[in-house]
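Taking it in order: structure first as structure tokens, then the write-up.
Think of it as A, B, C, D, E and F in the order they're written, each chain with its own count starting at 1.
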Amino acid sequence: MKLLIINPNISTSVTELILREAQRVASPTTQITALTAEFGVAYIETRFEAMIGAYATAELAARHAQNYDAVIVAAFGDPGLAALREVLDIPVLGLTESALMSACMLGQRFSIIAISSRIAAWYRETVQANGLRDRLASIRTLDQRVQHIASIQNDHAQALRLLCEQAIRDDGADVLIIAGAPLAGLARSLSAEIQVPLVDGVSSAVRHAETLVALGAHAPSQGSFAPPPLKPHAGLSPAIQSLLERKAIKPEAI
Amino acid sequence: MKLLIINPNISTSVTELILREAQRVASPTTQITALTAEFGVAYIETRFEAMIGAYATAELAARHAQNYDAVIVAAFGDPGLAALREVLDIPVLGLTESALMSACMLGQRFSIIAISSRIAAWYRETVQANGLRDRLASIRTLDQRVQHIASIQNDHAQALRLLCEQAIRDDGADVLIIAGAPLAGLARSLSAEIQVPLVDGVSSAVRHAETLVALGAHAPSQGSFAPPPLKPHAGLSPAIQSLLERKAIKPEAI
Amino acid sequence: MKLLIINPNISTSVTELILREAQRVASPTTQITALTAEFGVAYIETRFEAMIGAYATAELAARHAQNYDAVIVAAFGDPGLAALREVLDIPVLGLTESALMSACMLGQRFSIIAISSRIAAWYRETVQANGLRDRLASIRTLDQRVQHIASIQNDHAQALRLLCEQAIRDDGADVLIIAGAPLAGLARSLSAEIQVPLVDGVSSAVRHAETLVALGAHAPSQGSFAPPPLKPHAGLSPAIQSLLERKAIKPEAI
Amino acid sequence: MKLLIINPNISTSVTELILREAQRVASPTTQITALTAEFGVAYIETRFEAMIGAYATAELAARHAQNYDAVIVAAFGDPGLAALREVLDIPVLGLTESALMSACMLGQRFSIIAISSRIAAWYRETVQANGLRDRLASIRTLDQRVQHIASIQNDHAQALRLLCEQAIRDDGADVLIIAGAPLAGLARSLSAEIQVPLVDGVSSAVRHAETLVALGAHAPSQGSFAPPPLKPHAGLSPAIQSLLERKAIKPEAI
Amino acid sequence: MKLLIINPNISTSVTELILREAQRVASPTTQITALTAEFGVAYIETRFEAMIGAYATAELAARHAQNYDAVIVAAFGDPGLAALREVLDIPVLGLTESALMSACMLGQRFSIIAISSRIAAWYRETVQANGLRDRLASIRTLDQRVQHIASIQNDHAQALRLLCEQAIRDDGADVLIIAGAPLAGLARSLSAEIQVPLVDGVSSAVRHAETLVALGAHAPSQGSFAPPPLKPHAGLSPAIQSLLERKAIKPEAI
Amino acid sequence: MKLLIINPNISTSVTELILREAQRVASPTTQITALTAEFGVAYIETRFEAMIGAYATAELAARHAQNYDAVIVAAFGDPGLAALREVLDIPVLGLTESALMSACMLGQRFSIIAISSRIAAWYRETVQANGLRDRLASIRTLDQRVQHIASIQNDHAQALRLLCEQAIRDDGADVLIIAGAPLAGLARSLSAEIQVPLVDGVSSAVRHAETLVALGAHAPSQGSFAPPPLKPHAGLSPAIQSLLERKAIKPEAI
């Protein structure tokens, strides 16, 4: 299968990190392409930044999705995920949702470990929109401002491990979600030191994408994820126009 | 005070309807400007359409908000509302949130009367994001496809009245929210025939905007609605760039 | 418009404080009368005290409301608010509900800052009855017994500021509600020092009362806030009798 | 033990019905006294009527409770129950709470069968204040106005049985609560015809009162049900004054 | 009445402790038999141990229940309680559920004091299955491994008292549930030192069992607690077979 | 990888159906073994039957799991799932949980289509234990007694399709879960006729099992899914004894 990963942020170094982590866990027959948002911010911590990332992701998805079997929106918080699900006729996955699903199959309550205190509110709202607030033991975050998004795992290794231990001991977490694309792979490297399962968004999303394709569920033509009703529009990019006019679904080429 | 209303959709006829309803209820000293989205769809029924509307609204708000005391996002479902609250230092209101607040002060449980069955999921999620699901008695909708957005009130007057009566009798609603900008003013015209209070999003938002300005609460510099942390960005419009760089807050002119 | 504020407690000094704060924020054309409960306690901290305050408020409302356009129940916890809404045909507002509505339009999660630890349970139950428990970040209270209700703002200025800062930093509050009529005005005076919006019950209630009158929603004749069914009664004051017999609605004079 | 039952309504016929049902189920050594509210309405259907009933109940409890081992507030909806718990140092029980506790020990989800559609909102709010909304399968009510409160069981036997059957079949109820003092005893007489357990508020409350006395839990001096802090008061009846000044607890006589 | 208490664990010393506490509170005419699980573990702390205890309890109940008027499953966490309710036609009670019901009639929010940190997750899930999570103030536990289950009350008296005080002061508990059969009786002995009511599972269950028998609610033949539909089975003990074939209900003898 | 599927029921025909459906969707390198419970009932509809199925599953898992990489508990309702997760050091999956996870990645709200009305309560409680009640649109069931478990798909094809259509149109389902091992494969065969994605428990569980193995999360040694503390036990089968004594984890052979 062909899998499209879209980084809703403009950081190509993070896109590369995501792609490496994705390839490590993907099945041999899965071909992965990773795209970086053409506009937006370096990494998403807030609702406004997520709104920009959602739009940038939609534009890339509209242009490219018809050549793929599934799409992953590769920022924690899943910007634009539910929106894209309405207009694409292939599975669309997000890092948070995918990590939550993995975590739910490994324990009852999970904590989220994240890179900045500012990001906590957005993550909490994402968990809540997934209906899983009752299973959220805590969100624990580094309390400093993010300085270097590319080196964050090395710069804060000790602090991140401590957050994990506190979540287990003080918050009652059965599973830990290591959140945020810049932390992709950390779950794997920390795993030996931490006494509960660690879950990573990128690798979860890649495997769940393969699963949804294998299960073969078709896109809906009824319900709230059917394509939006046809109606007048204006000022949209050709790719998004095509989506709304349902011309872009599975064409031969871009 | 100067109030900016942004219609996240491209329908100028709906913008005019909103403006008329807004002016009818505004205090004498409130000056209202209404803008129409420069890109997007005719009216929003789904999450994808809301995502487009949010971005179009953000662009207009970024360009114009500095000349106003408050902004209203004038589509039910409040596309982009929470995002805009982070970057503007003036009150930002939405039709759904405003109607919910009015309804909560008039009764315990409310129903929402809306124009299309497709719109129900998006409204339900909006109520849920407001934390008010337990007070939602029901959402009742016209079951036909919307044909003429401008004449919807006349075309379906009888059907809309019937939905109101069913919500009161069968669902236990204490208050009814007449939802969607295309129904602006219907609450007023139906009021005499319906036995519980009717709430309208536009007029609620205008009055609540005046209230928030009068109460004088300043914009946050901490908490999850403080401006996003400064960080690299690319490819954004000048207006949105200015917002992210905090240059655009309260300048003398555009 | 003519606005009646009823202090459910017997403290005339608090009534005066409320009235001053109310007049400061009211529109020029709003005339405000403030009445003090004729029986009850000095300030309400518990459910039993609230029950007394509710009855004292009902008696005053029954006697005077027909000369006004809206009534405010001016104690946090809103004693008797929902009950009065059934029997008066004008808007009835409460300090807690009004503050909650303002807070919800300024952020996602709010904390309540209050004057005594004993009062916290009653406030929590009030928030819960409003269906907003998921948006309550915390209730933080002074931990000493209240000594002088009139000077509480001066006596505890430093401690109250500290509670605000803890709610923002440790509890994730986006907005703070300064609760309790004895703290009326504190939101205003603390505002410059605190990094998130502060909300006050009295000023919120006054502005929301003006809004509900302006919106013109009529009283219900169906639903759970319609007047109680006519039935035998005994031993009630003439004013409450008139309410139950629906004689008192909008007479010429008292 | 000595048990005081207070009917918050003025209907002596209902008091007699309650007393008969109470005596039927009480242990041989339990002595029961039943008092009727000295002021109020014939039966409670709304929040305003409940507020009156709460105050009338408080007055009687304040005057008489010191001679008893437990008090039952004998109207569905439990007017004033939590308030009285703060000021009496003996167990205080209510019909709704008691019926809910019995129902929870007999099945997972319960329905409430009640005498008037108007009463449903008040009951729903009572269940919610008990934190048990998730176990409420439905509230089903007679849809006519109550005519003769004393003969309601006979007048509507067939309709009440039908409501029971619908709640089981259509709403998934495991247990049925026959609600409202005027229906006291109906659970017993309907029992043979209905295929799930029926629960009655009066008999549940009597037995639970005996249990709480037998378990011997003392009254709290901390927590939110400790007596209210001493403070100035005015205009209260001697009995309620004594409660607030903690003079009335367990004296020799009235 | 004849009451059967089944200890789902193999500790006969705990069975004796339970029996003593039960007899202390039972009505004079109640005859109590206590049985110990024939297989299982020394005390239950986890879901797997609870699953074993449930099955051991079911076997004993199937063999003996027909000679009794009610059955108590005497381990906190109520292993197999809901399952047994389907197949026995007499009341079945559990320690947690019974304690929760008592606690709900004594205050609004309760904390649970328990013997090991490992046990907290199982208790939390039990409270949640009872639908009472919103009334749970906290679970506080000894943080050491249990060494001697028989002497745990003496070994940790001081630590348990401290947990109680913290729950009241820091967590806002109105009532405390002293959880776990090995702590039976502790509520009574600690009562004088603690400022809020203490609730014990064993004594609560005994009295509630007497109540359910006195109320006379019959077993359901519809709803989700009616006996399971007849169907093929294999490999079950004779006693459980009889239950499933509905032969064992109220026979003359074992 | 080697996957063990345990049917908690005694129906070998259902085990075969499950195995066929599992093999159809499994990756080429996955080897599947399917075992049938050695004791229990023909199919599980109630809590008591689930308790038996859980114990029968635990016995088989204790005997065989050490030779596998993951275990699937193959009855809807997931009998014993959380319990087994504590004692096995490999991933353990259930049909309901797996179907819920798939459904959550395909839409916002799901309905469950099931084979008997009796089964609905057990399913509802399972969804609730997964914390996903807010996303459950409805449970719709055949209303007849199950006659022939092996031919149920053919016997009721038309009725099952109708339930699907009602769930979409009347309940607002975005996704449908076809529940119960006897309906394994129905999602696939109905798929072309139904306008929203259909989800099947067996195929979901197989793919999610492969995913959890691929993600490589290790078993916990802390948190509530760590192995139960070592303690005295008696009367257990050798296999379950070994689990509790942690001897059975990953030995060379049975």
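Following the convention adopted for this analysis, contacts are C-beta pairs under 8 Å (C-beta built on N, C-alpha and C of every residue); 3 or more make two chains touch, one makes a residue touch a chain.
Bear in mind the structure is a predicted one, so any value in this text is a computation, not a measurement.
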> Any chains in contact with both chain D and chain E?
Replying inline: C, F
>> What are the mutual neighbours of chain D and chain F in this structure?
In response: B, E
> Any idea what the CA-fit rotation angle from chain E to chain F is, to the nearest 5 degrees?
Replying inline: 180
> Computing the C-alpha centre of each chain, which chain sits at the greatest distance from chain F?
Replying inline: C
> Interface overlap for chain B and chain C, more than half of numbers shared or less than half: same or different?
Replying inline: same
> CA centre of chain A versus CA centre of chain E: separation in Å?
Replying inline: 44
> Hey, how far is the Cα centre of chain C from the one of chain F, in Å?
Replying inline: 52
> Out of chain A, which residues touch more than one other chain, so two or more?
Replying inline: 82, 85, 108-109, 120-121, 125, 128, 133-134, 172, 174, 223-224, 226
>> Tell me the shape of the graph of touching chains, choosing from line, ring, star, complete and other.
In response: other
>> Judged by the touch rule stated earlier, which pairs of chains are there in contact?
In response: A-B, A-C, A-E, A-F, B-C, B-D, B-F, C-D, C-E, D-E, D-F, E-F
>> Applying the document's contact rule, which stretches of chain A touch chain F when the two form their complex?
In response: 25, 27, 82, 85, 91, 93, 97-98, 101-102, 104-109, 130-135, 168-169, 172-175, 188, 191, 195-200, 203-204, 207-208, 210-212, 214-226
> So in the complex, which bits of chain A are touching chain E?
Replying inline: 108-109, 134, 172, 174
> Mind pulling up the chain A residues that touch chain C in the complex?
Replying inline: 120-121, 125, 128, 133
>> For the complex, give me every residue of chain D touching chain C.
In response: 10, 38-43, 45-52, 54-56, 58, 80, 82-87, 116, 118, 120-122, 125, 128-129, 145-146, 224, 226, 228-229, 231-236, 240, 243-244
